[in-house]
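In the two complexes that follow, subunit A is the common piece, with subunit B as its partner first and subunit C second.
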Partner chain A sequence: MDIKLASELPRMRSMIPAHGSARPKLVTPGEIISHDTSFMRGHGTYMEDEIQVASVAGFVTRVNRLITVTPLRQVYQGAVGDTIIGRITQVQNKRWKVDVNARLDAELRLTNIQLPGGEQRRSSVEDEREMRALLREGDLVCVEVQKISDDGLIRLAARSTKFGKLSQGTLLAISPSLVVQDKQRMHDLPCGARVIFGANGYVYITPTVPQEQVSTYTVNFEEVPIEVRKTVGRLRNCIKLLAHHSIMISPTSVMSAYDQSIDQEYEIKDLLRPEVMQDVAVATVQKMNE
Partner chain B sequence: MRETPLSTCERAAVLAAISRGVRLDNRGFLEVRDINLSFGKEYGSCTVTLGETRVLAQVTCEVVEPRPSRPNEGKLSISVRLSPMAAPHFESGRGNELMDELQMILDRNIKESRCLDLEALCIMAEESVWQLRVDVTVLNHAGNLGDACNLAAVAALRHFHRPDVSVEEDGRVTIHTFEESEPIATYMKKVPVCLTYAFFIIDENIHMLMDPSEKEERVMSGKLVVGLNPHGEITSLIFPGRVLLSKKDIMNCIKSAFKKAKFSAEMIQNLVDEDIVKRKSSVKVDGFAKNLISDTVYASHMVKKTIDKGQNFKFQVPRESDEENGSLNDEMDEDINDEESGDDNSDAKPNKSDILWRIQSIRQASTKDDDATHSMETDGESEEEEKKPKLTAQDLI
Partner chain C sequence: MDIISPEGLRQDGRTATCLRTISCRLGLYDRPNGSAYIEMGNTKVLAAVYGPREVRSLSKQQLDDCVIQCQVSRIAACQGERVRRPMDPRTRAMSLQIAGVFQGAIRKSKYPGSQIDIYVQVLQADGGVMSACINASTLALIHAGVELVDYVVSCTASMYKQTAIIDVTNQETMNGCELTISLLPNKELIVSLDTSHTIHQEQFEPVMELAMTGCQQVYESMQSEVESYLRDKHAIMSHR
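Showing the complex of A and B:
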């Protein structure tokens, strides 16, 4: 058994190349941004005795007369149209409560999902009683943000066939700030797996192989071949190591890390070792900068 | 913050492991985690570590007027607080059912059982009595808060010394400082102990575990919290959850609890008495400073604990870790002279790792009794659990 102490690993120097003026101005809460009262105060700032002060830790952006501080890491707030992944926590009257890594559990109404057996069917009393047959506590779903109310409650919808209950795969939770903004969230990677980069930081890796499903609500439990499972495992470890080194997660960076790990002939379990993680991360950044 | 929901596969994994007679941390089904007591600078301040669960209890006293219905008795009040430090889903201020449950356990076990002699706290009948207040704060929630809170509160009460008082002729009460006259220990007639049994219903069979960890608590179907003292009295019995047990099963649980209770109570008494003796003899008291070990030391201690548990040999501190601890030696050298535990079981203990062998000797003290009450081999355990759902006394002994 190989046991090592993580503190033995030498500290890594920052991987962001320092360009001088290109480097954004980082502030911490309480730091003074400007003494000029003519600036409009945006999100992340507040006024104290005519001095503009930052209220979150992040970098300062200035657009004309508006100064905002965008936080580096934030709990997922939700944006209309985002594709996210959630886990059902409760089955309530005509709706489900979904954990989406935000401050509150989001809401998925029975009327907002695509019912099995035909398009655009109105939900009947039987459907209300059979809600658990569709989605029960603990299930993973891929959904879309429909609306965000004033108090932060996110309302979800799963109207088309690409949304709905997720079948066999692996879930990974990373910080939502690391997920690159992308219209297309589901990517079929060339290595044989499909990855869904949820905007809320939940990433789901699923094999493309057993895809025939009766409906979006029955999971295909056909056994996944070992090679595909290895691919999924390797991808998962790659995403994990990129997140650990605060590298933005996008299909390119993930594939780059995956290819690196195969070129260097690292075993899947080796990708969990701190020195290997650092190695692959540095190589990925270098490759992406080229 | 809300609690992150437990995923379906984690839940299934815990249940599948239990149905095969294995726990996730490789303990026996009736094995309790390592218990560690440490005391602060003041009397009545105690931290209990039960595995990773950590609870702090502090006892303070005040002179007040007694209750008119009981003019000869002092007062005792216990309060439990779940701080967000313990777990992200705890919210300070808002009461939740876990806090109510812990409050109920402590009230029943300690207050209502009358284990503390309240009449001894009386200074002048109908005029002034001592009011003892126990504040229990949960520092880390890693499962089984009931047992840990009870341990902490009882140890803190036992450890507590109140100042000496003298009453003048005109009725004025003078409270002496600890330097002027010796403080008085609290007298605890019976030591209440709390033990938690978790039940899991898997395929119509009921499996029973002791001292559930946090994951096991989230998956369990029900639990039985038994509060009792070694004299043979049951102080509290709480049975939340969705499990149906027959009266016989509960009686068998209680019988097994009695054996463990005796050992637990003795352990509290010994550790508290040792610390008091040490406090009286030496001028310098370290308090909790000893517990503030840095990351490197804690990491190496956890690594050695895992190796030791897996291979069951008396460990020796390897050379490399001594070099790591090089910079910390100066701080730790001061603490070497204080030996927290009396059991000198493991040989080859270098001075630098007194924390390590303190844990070791407490574990050995606990395994002595554990071996007597149940077998450590997993064959024995799985045999017990594979039998019919009824738990008999035979299974638990």
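Showing the complex of A and C:
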């Protein structure tokens, strides 16, 4: 058996390409950003005695008069229209509570999902009783952010065939800030797997399913062939290594890492070893920068 | 045995106003939202932060406030004598104190109705455990991206005969008082102050002053670690 200590590899300073002299300013909590009061304070900053101070560690971004500090890791903040992945934590009266990696559990109302059978059917008392038959605790769902209420509670909706319960696959939780903002969140990758990049940092990898079977509230327990399972596993490890090295996660970067790992003939389990992770990550960055 | 030799050096070769070596690291684990490790001399502490997340027990939930919980535990071999239980009344008191310290430092208005959990594990205890725990928790909170008013840094000091000594080891606290102070370094506000023993009124002021200068030094090394971590980990590309 190959046993390794989780010792740290040398840090990769060389990986960061020098983008001229315009490197963003770095601040840590308590540091003064500016004395200028004409700036608006954005996320990650606060005002004290007319001085703008950072409250998280990260790089300062300035858009016109708005100053924000984006931390490397943060819980999901929520934005209307985002496609996200969540896990049901509670079944309540006419609604589900969903863990979406945010500071509060999100809410999915029974009226906001597309009920099985009937396009625009109204939810009946039977549906209320049978809520657990649709979704129960621990189920994974792909949903859309419908609204964010004043107290920060995220309200979800799944009123389309592309949303709904997720069937067999692998969930991977990464930092939300690493997922590339994109209109399209569900991608059928050429390697034969479907990847959903949830805006909340949850990434779900499933075997590709034929269009007519997509999104029902029943789970398909058909056995997945071993080849497909290997692809899913390799993709998962590739995303994991990219996230570990803080490389933005997008279909292109994931596919590029996947191809790199196949080109260099790494086994799936090898991709979890720190030196291989670094190797593939460096190769991916180089390829992406070309 | 003398704590300070006639040459003015302590047992481990430091002068009275010299801190032990501090080394820290961020991001040890994937699963918690934030994690950190700090070594202050031989005192070694791990911290992990979960949250802000939904409050787990409904009785604790407050709609307009953030619940901050802390749990300190020690491993069996963390000090000379085998520790029977990872948690005892003393560590529970420490947990409460750490939670109290961060009540003042976390911007709670940003997280109404949520809960933040801090788990601290003492791997090795050699004086200044409380301050190492606070420093580790601060780093873990920063790593988790929790909004803080400022860093919270902590340092200890003591008095031996007529000399104030900083960052005391276990041995040095045996015959003196251990004063633990934690402050917000950029605002120079004291968040907590704790003495483990009685101290003479006239000696209190110099000891506190010394501990406060120690805090600023701790802050510098913590900040440089956070900055170098960020530079390394900054998301490299913003491509499609």
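Here is the rule we use: the second predicted complex is superposed on the first by the 275 of 290 C-alpha atoms of A that agree within 3 Å, B and C clash if a C-alpha of one lies under 4 Å from a C-alpha of the other, contacts with A are read in each partner's own complex, and residues count from 1 in each chain.
Assume a contact is a pair of C-beta atoms (placed from the backbone, for glycine too) under 8 Å apart; a residue touches a chain by one contact, two chains touch by 3 or more.
Just so it is clear, the model here is predicted, and its values are computed rather than measured.
When the two complexes are overlaid on subunit A, subunit B and subunit C occupy overlapping space and clash. In the superposition on chain A, contact of A:P274 is made with neither subunit B nor subunit C. Once the two complexes are overlaid on the shared chain, A:D105 sits against subunit B and subunit C alike.
Within the superposed three-chain model, A:G42 lies out of touch with both subunit B and subunit C [touch as defined at top]. When both complexes are overlaid on chain A, the residue A:T89 reaches subunit B and subunit C alike.
Of the two partner chains placed by the overlay, neither subunit B nor subunit C lies in contact with A:G233.
Judged by the touch definition given at the top, the superposed model places A:Q74 against subunit C, while subunit B stays out of reach.
Residue by residue along subunit A, subunit B and subunit C are tallied for touches, and C comes out ahead. In the superposed model, A:S250 lies in contact with subunit C only, and not with subunit B. Once the two complexes are overlaid on the shared chain, A:F59 sits against subunit C while remaining clear of subunit B.
By the touch criterion stated above, A:G192 is placed in contact with neither subunit B nor subunit C.
In summary, superposing the two complexes on chain A brings one listed stretch of subunit B into steric overlap with subunit C, and the stretch in question is 129-137; the others among 21-29, 129-137 or 273-281 show no clashing C-alpha atoms.
Counting contacts by the rule stated earlier, residues 89, 99, 103-105 of subunit A appear in both its interface with subunit B and its interface with subunit C. Those residues of subunit A lying in contact with subunit C across their complex are 8, 11-13, 15-17, 26, 28-32, 44, 46, 53, 55-59, 71-75, 89, 97, 99, 103-105, 151-152, 177-178, 180, 182, 244-248, 250, 252-253, 285, 288-289. Considering their complex, residues 1-2, 4-8, 11, 295-296, 299-300, 303, 306-307, 310 of subunit B touch subunit A. Touching subunit B in their complex are the following residues of subunit A: 1, 3, 5-7, 87, 89, 99, 103-105, 137-139, 171. Those residues of subunit C lying in contact with subunit A across their complex are 25, 30, 33-34, 51-54, 63, 107, 111-114, 142-151, 184-187, 223, 226-228, 230-240.
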